[in-house]
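Presented below are the structures under discussion, each in the form of structure tokens.
Next come two complexes, and both contain chain A; in the first it sits with chain B, in the second with chain C.
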Partner chain A sequence: MSTIESTLAPVAPPKARAKPGLSPIDRDERRLGFALLAPAFLLLFGVVVYPIVDLVVTSFQLNNLAQPWMGTPFVGLENYGRAMSDDRFWEATFHTGLYVLVTVPGAVVVGLGLALLANQPFRVKWPVRLGLLLPWALPLVFAGLIFRWFFEYTQGLVNNALLMVGLPAQAWLTDPTLAFIAICIAIVWKTSSFVALVLLAGLQTIPRSLYEAAEIDGAGKLAQFWEITLPMLRPAIVVALIFRTITAIQTFDIPFAMTNGGPGNSTETLAMYIHKTTIDFLDLGYGSALAVLMFIVSAILTAGYLRYTRRDPSARGH
Partner chain B sequence: MAGIAIRHVEKSFGRAQVIHGIDLEVRDGELVVLVGPSGCGKSTLLRMIAGLEGVTGGEIAIGDTVVNDLPPRARDIAMVFQDYALYPHKSVYDNMAFGLRMRGSPKAEIDTRVNEAAEILQIGHLLDRRPGQLSGGQRQRVAMGRAIVRRPKVFLFDEPLSNLDAQLRGEVRVEIKKLHQRFGTTIVYVTHDQVEAMTLADRIAVLRGGRLEQFATPYDIYNRPASRFVASFMGSPPMTVVPAAISADGHHIALQDGTSLPIPEARRPTVQAASGRPVALGLRPEHVRPGEARDAGDVAVDARVEVIEPLGSETLTWLTIGGRSMTGRFPPEQAVQPGQTVRVTLAMSRMHLFDGETGAAIAA
Partner chain C sequence: MKARLIAASVASLVLVGTSSLALAQQTTLRIFTGGQQRPDVMRQIVDEYMKANPNVKVEVEVGGATSEQQQQYLNTVLASRDSSLDVVLIDVIRPAQWAAAKWAEPLDSYLGADKEKVMSQYLPAYREANTVNGSVISLPYFADAQFLYYRKDLLAKHNVQPPKTWDEVKTAAQAVMKGEGNANLRGFETAGAPIEGTVCTYTVPLWGAGGTVTDTNGKLALSADLAKKPFELWGSMKQAGILPPNIAEIPTDRIRQNFQAGNLVFGMTWGYVWNRTQQDTDSLVKDKVGVVPLPGFTADKAATCIGGWQLAVTAFSKNKAEAVKLVRYLSSPEVSKRQAILASHLPVFPDVYKDPEVLKANPWFAEALPVVQTARSRPVTPRYNEVSEVVRTNMNAFLAGTKTEESALTEMRNRLGTILR
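Entry: the complex of A and B
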């Protein structure tokens, strides 16, 4: 008894943690903690930190696989300077911005509609949920191919339908404006189901009693939507907006499969231009600089959203 | 202001019938409590009055208007929900103003009424906060405030105190009673708590399995329960009810172990009709006292003390009498110990008799 007490005695009153005076037990705990975290750190470093650092380094080099004899000399901001005076870069950026402006709100509006529909008390729920999941689960490039067939000039479903109701067939994929519209429709179709899933999860957290209280308070269905559903859904909408915006900035697969950026470069996005620069033209240095620029734009936009959510107390859960 | 008439109302969910034809007349300005165990249909009945549930059969009228087919917003009622159902994204002020705003009341009037209600409920300093920043008791007050600003014909309360701790519950109970006295609005109040029912109600409707067991004043519910169920549901600790049999001449009642207790003369005529049939004898704990018989009709018996529960003001004593467990209220200074045999008096003049099969009270 007495020996146990005497060994425990100095440990028993836990003093305010003086750093150098870490007890052997605490030190062991800390070492074990680092050891257990090490694999995760290494993995993160390997798949996130290293590639990004390598990308940034490459963007400061002249690195063109078509000119291997030039080596990979450091050229400072030359690649960035080249981007600033590259019309095709600005065009691709402008197209990307347009896709963001059209397809992000588009997907949120359509997604909200789908979520409200799926939230109705259907007797059998799974077909509705499956219908929501299918476009989301489909690979992007397949969605692109499917819509390319839909909008095809001579045999496409859309022109077929137009002809049936007596309207002229349209050159969907060869007219710059129509091609842009067709691509936007495909993107909204493909991405709104993900938005709908996020918003459906949000809808299901709204207690039914709020609607009952509102009904007694005299609010009609429309007022209930504006006064309860929409404000309560705001946090979920912000989350959906962030995800949708980031993926919209990176738009690649669907225009790639539908028009490959054509006609001309009229539907080319930044991601497609980067792809062409690095894979087709083998200019890794310039392509990396463009990729870094795109990364910065994404980071700024995301930070903006996050600041917005942090500022508003009601956007956080309760 | 208006009364509520519930005429042979029925409710089914699919094939399951949960309300089996209830008739209930709530007078103008009356506070009626619907009470019963969970699943008895009390909340469903309240939600039918509110219009949140449809009526399968029968008729509900508020004032002179049959409201069966009216949506909740057209019934001129206000409801306080169990979870309060405050709008979390709106301030306290906006929560209270919402009903008036939806009805298009002028801004100045909304302002006056919200401030007035806030003052009555002492939540004036909370008007800018959101529900998430309030304590349970404060949210409760806001929920009541939202109801009273509307000045509806009828208030409906759905277990409004069940999320509060015991002390707060007592305070808010008094608050609700004050509100009722102040406004005199008809109130229908649902609870499973019989203390709430007794303390608040002008009249209590005891429900069981979708049927009305008894509708009467708290005094009558307690002292003249219509059935064994009402008798044991209302009162804490509950009335002890034991199986018994009445002698042919109606002079004695025998417990199952053969213990025979004389029936007070005044009760004999009404009791005699039940002789030969199985009955149940009920005694409230306050009618099982320690000591020898003092008054006419009292019967003293020996009882074994099983468990004592000292409450300070009294000691609940669980006894075995005639082979059956009974509860007595003993004065706190009465020192008894478990295992002890004590002399107790049964106030037989206050006994309740129920039909052994149907549970219906045999007229006192």
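Entry: the complex of A and C
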């Protein structure tokens, strides 16, 4: 987004309104400006606007590829009505909410710890940085598969460790509570490194002079953390929270690879239910309606965060 | 200068044109198969086909390990009318859905006058499974059914006969497990993960008890007392410690792995496992495996799920005529025999079961023919994916212990009721 805005600024200054008195050179410039913008606009239209419009249109249709003889008639809000009375939709939404509630703060706390660690003046910085980047660079589904093996009943490392200290092996992936815990651990491990990278960037913008001044005033390390680091880091934390919350609402890969929603559908998220409805059951109409509902939830939450940042007088820090 | 340029570009155009003509004579066919359906054996077989037909190049694309993973991928390819796949190996449960979605090229016109003759060679179950509303949707590649695999050596050691009823399975498994005293040795495994194979974990005991999921009109026909038999059976076996505590995370191929590693007394699984236990270099149970028909609640009333994989030509293929030729070759008695020897894939032709070379590689095939002939189909419906999901999810939840028999059954009836209206 920011790249578009910055290209827009030089070619279309605010006062360049469609005035009749525009000089030929200005008009040429304007035309060039639009021509340069067109590819980006068309691309965005093609990959963002068109799919979203198509999604919304489909959500008002009966559109089931398993029953092509039914056609694709317009059914109004029927798909949305069906979602409201679909227990499985509410269960999946509830599970998604739980993942958000656990893994977003989890990733921020762990990520903050990692960022503080990486920000220490170690002489050799690369091991910590690499440790930060690796989980982030790993595809989600790989992380899911790796953790599935960790938590596997007979061959898994976790049960092996439990047995070694004399505890009984646990059916991690087939008990709903344990499966939820295992999945949350995997998600926090996978996503906290992204949070840490964002926070590390934030940490490095905090001027050293503040800490020096605090030290002279006699503030301890803990006081410095609460009074300087955290408040100064607030904008970075909000950015990390927004990204993490959006990805948490869309949680799919890790539970898909670890439990496929099982046992039963006790770890199924909204994104998994949408996938199942559209890709497995080929019910595009209902799946689209579910996707629109998920989109609305993400939009509301993000808007909430954005309001919070706008109210935040972060200029205070600068 | 300009004239020369034009001449040069015309010449190059002609060149490009002729070379693409030469290429056009070589047809490339792409066939999709699953990781569990022995792509290595298919590769060998199509290599022979390519040798005999130098104008055809066959690429083998290998998909996911389980039936529903493969179909998820195929759904996206075919829903977007992609022409990249010419031939697809599909599970025996899929032809109805493929016919309804118009993904398969009907083969009737290609078979022409041969249709009756070709179709009558196959086992009746496969003739029916591949014909939807009188139209041939696909041709069978290999047959399959579930059997009871058992450890010949352990049963002999503890003086136990191969069981014919579920009660005998329980006593036999307990006797062997107690006698061996090996903590890694499991009594019995069937598919329990939320995957396609778990549908059979439900239907086999249901059918054995005399029940059925759908009636002849495809409507829900689960009767209350029979519908809970499978839950009671597996519940009691889990309680007794014969099913492992993690049965709900066991997919089909894990049964083979555990059996092959020597950690399983009984496995309820498919034909391909035999060859792997006998030929794989890491198999610890070579020459220690017996295969018999599945048990029933009574010895005379056993049931098994019909499996097997079919070859469909996609409706979006650009080389349909060549693709049909390849399919007819892959669905021939010679290839059936090759597969039986190389992969213990059950033949779709009754005569191949009696072939001496086939019997030498698979002694138990002598008993397998009647099992395949009486094996039953999972519900046939274009909305099978949803039916399967309801059954496997509830069976999985029950095996995991997160749902009681009653709640699993209630949800199954409610949701199947709306799908199979």
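Methods note: the second predicted complex is superposed on the first by the 297 of 318 C-alpha atoms of A that agree within 3 Å, B and C clash if a C-alpha of one lies under 4 Å from a C-alpha of the other, contacts with A are read in each partner's own complex, and residues count from 1 in each chain.
Here is the rule we use: a contact is a pair of C-beta atoms (placed from the backbone, for glycine too) under 8 Å apart; a residue touches a chain by one contact, two chains touch by 3 or more.
Everything quoted here is computed from the prediction, not taken from an experiment.
Enquirer: Based on the superposed arrangement around chain A, label chain B with chain C as either clash or fit.
Expert: Chain B and chain C fit side by side in the superposed model.
Enquirer: Touch check for A:L65: first (chain B), second (chain C), both, or neither?
Expert: After superposition on chain A, A:L65 lies in contact with chain C alone.
Enquirer: So, does A:F281 touch the first partner chain B, the second partner chain C, both, or neither?
Expert: After superposing on A, A:F281 lies in contact with chain C but is clear of chain B.
Enquirer: For A:T302, using the defined touch cut-off, is the partner it touches chain B, chain C, both, or neither? Pick first, second, both or neither.
Expert: In the superposition, A:T302 touches no partner, neither chain B nor chain C.
Enquirer: Which holds for A:E215: it touches chain B only (first), chain C only (second), both, or neither?
Expert: Touch status of A:E215: first partner only.
Enquirer: Tell me which partner A:T154 touches in the superposition: chain B (first), chain C (second), both or neither.
Expert: A:T154 contacts chain C only, not chain B.
Enquirer: One more residue to check, A:E227. First (chain B), second (chain C), both or neither?
Expert: First partner only, chain B.
Enquirer: Who does A:N265 touch here: chain B (first), chain C (second), both, or neither?
Expert: Only chain C is touched by A:N265; chain B is not.
Enquirer: Once the structures are superposed on A, label A:P207 by its partner contacts, choosing first (chain B), second (chain C), both or neither.
Expert: Touch status of A:P207: first partner only.
Enquirer: Pick out the closest CA atoms of chain B and chain C after fitting on chain A and give their distance in Å.
Expert: 51
Enquirer: Of the residues on chain A, which ones does chain B touch that chain C also touches?
Expert: In chain A, nothing is touched by chain B and also by chain C.
Enquirer: Using the touch definition up top, name the residues of chain C that touch chain A in the complex.
Expert: 68, 71-72, 75-76, 79, 97, 100-102, 184, 193-195, 244-249, 382-383, 385-386, 389, 393-394, 396-397, 399-403
Enquirer: Which of the residues in chain B come into contact with chain A in the complex?
Expert: By the definition above, chain B touches chain A via 50-52, 71-73, 77-79, 81-83, 85-89, 98-99, 102-103, 130, 132, 146, 150.
Enquirer: Over in the complex, which chain A residues touch chain B? Could you list them?
Expert: For chain A paired with chain B, touching residues are 207, 209-210, 212-220, 223, 227-228, 231-232, 234, 313-314, 318.
Enquirer: In the complex, go through chain A and note every residue touching chain C.
Expert: On the chain A side, the touching residues are 65-69, 152-154, 169, 171, 173-176, 260-266, 276, 279-282.
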